[in-house]
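Sharing a structure here in structure tokens format.
Chain naming follows the written order as A, B and C, and within any one chain the residues start at number 1.
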Amino acid sequence: MVSHSTIRIRTRGKGTLEITGEVRRAIEQSGIRDGIVTVFVRHTSASLVIMENADPSARRDLEMFFDKLVPENTPWFSHTLEGPDDMPSHIRMALTRTSETIPIHDGRMTLGTWQGIFLFEHRSSPHQREISLTVIGD
Amino acid sequence: MVSHSTIRIRTRGKGTLEITGEVRRAIEQSGIRDGIVTVFVRHTSASLVIMENADPSARRDLEMFFDKLVPENTPWFSHTLEGPDDMPSHIRMALTRTSETIPIHDGRMTLGTWQGIFLFEHRSSPHQREISLTVIGD
Amino acid sequence: MVSHSTIRIRTRGKGTLEITGEVRRAIEQSGIRDGIVTVFVRHTSASLVIMENADPSARRDLEMFFDKLVPENTPWFSHTLEGPDDMPSHIRMALTRTSETIPIHDGRMTLGTWQGIFLFEHRSSPHQREISLTVIGD
């Protein structure tokens, strides 16, 4: 069995947004009890990360690290027409993930206790984002 | 249904090479209309990235960023027998992706408008590369 | 067909640990000859990387690179309650992978000659780790 769905989300600029609940809902609605779910971001300036969902300070440090690793004012960037935050966004996306595949066992993802699925918005301004989900299994 | 195929590609040294068309062709030939495709690079000094396919300057900046983040002349590298570009290649691979899984809906990948699938060659000299594709679904 | 299993592994602190044999065994026990295997780490301070399994010096350089890229004594980290190695662990995890999906053709993963699957432990002290495996196919 194959079940498709789409998460549509409005970001508020740079940062991580938890989507674990939305993915869980799509799995429940699929009726599939055993298999995998593929989570796929349809953008090149936003990405995915499966991160600790308990203490928000861990996510703030993570976001800050990527800000510093790929600075907006990098002098040698040539792709700057779409704004100073565009090229850093593509690189931060490439350093994290576009797709994640997660096992589903007895109707539940096998996420660890502290794992949450997050959309990682890299642009400074709010954006409308789409995440494709496909559940495959029995 | 499961359908396997292999993309064989000759790179021209360091850089990103679009393989979206080859992946699309494999999906068409599989006859599978709904499911997922797994794209898997069979090497540790080349990798994958799903990147903007419109403006080549974005890809040049991406490639340059990885060149600078993992410099060839890093003095403390011990794994140097295979040349100065070998160890940086492994690290740039680890920082990007070996596998990507992409949903297929109604016979088409759910790639966003600007997303292309790229092989990212990290070695300086041309290499023969193999990418395994598996399409699963109905 | 869908087949689930779990790899439980005790790490000895920071470093890469090969799990290719364990994944291979799970595929054999599933009886599935054609499809994919999803390897999923259930933690946010350990990750996956598919790396050269021939010369251990390549893995030592890889580990050292991540140590230097995300230093333990980063002064601006705010998430420090769980020790100086905790926040660097989350970031090193985000820079590598949580899930990998690998094609299975005629009962074998299509890994390249030099590719091994490694658990990447980022914490300094030994940890009990769990890796979920799901094999899907015919």
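By definition in this document, a residue touches a chain if its C-beta (ideal position, glycine included) is under 8 Å from a C-beta of that chain, and two chains touch if they have at least 3 such contacts.
Worth saying up front: this structure is predicted, and the values here are computed from it rather than measured.
Colleague: If subunit A and subunit B share one sequence, what is the angle of the rotation that overlays their CA atoms, in steps of 5 degrees?
Modeller: When the C-alpha atoms are superposed, subunit A turns by 120 degrees onto subunit B.
Colleague: Shared numbers divided by all numbers used: is that above or below half for subunit A and subunit C, i.e. same or different?
Modeller: Different-residue interface.
Colleague: So, what's the distance in Å between the C-alpha centres of subunit C and subunit A?
Modeller: Measuring from centre to centre gives 20 Å for this pair.
Colleague: Would you please write down the residue numbers of subunit A that are in contact with two or more other chains?
Modeller: Touching at least two other chains: 69, 95, 97, 101, 136.
Colleague: Given the complex with subunit A, which residues does subunit B contribute to the contact?
Modeller: Listed in rising order, the residues of subunit B that touch subunit A are 34-36, 49-52, 55, 57-58, 60-62, 64-65, 69, 95-97, 100-105, 110-112, 114-115, 136-138.
Colleague: For subunit B, which residues count as touching subunit C in their complex?
Modeller: 1-2, 4, 38, 40-44, 69-70, 76-79, 81, 86-87, 90-91, 94-95, 97-99, 101, 130, 132-134, 136
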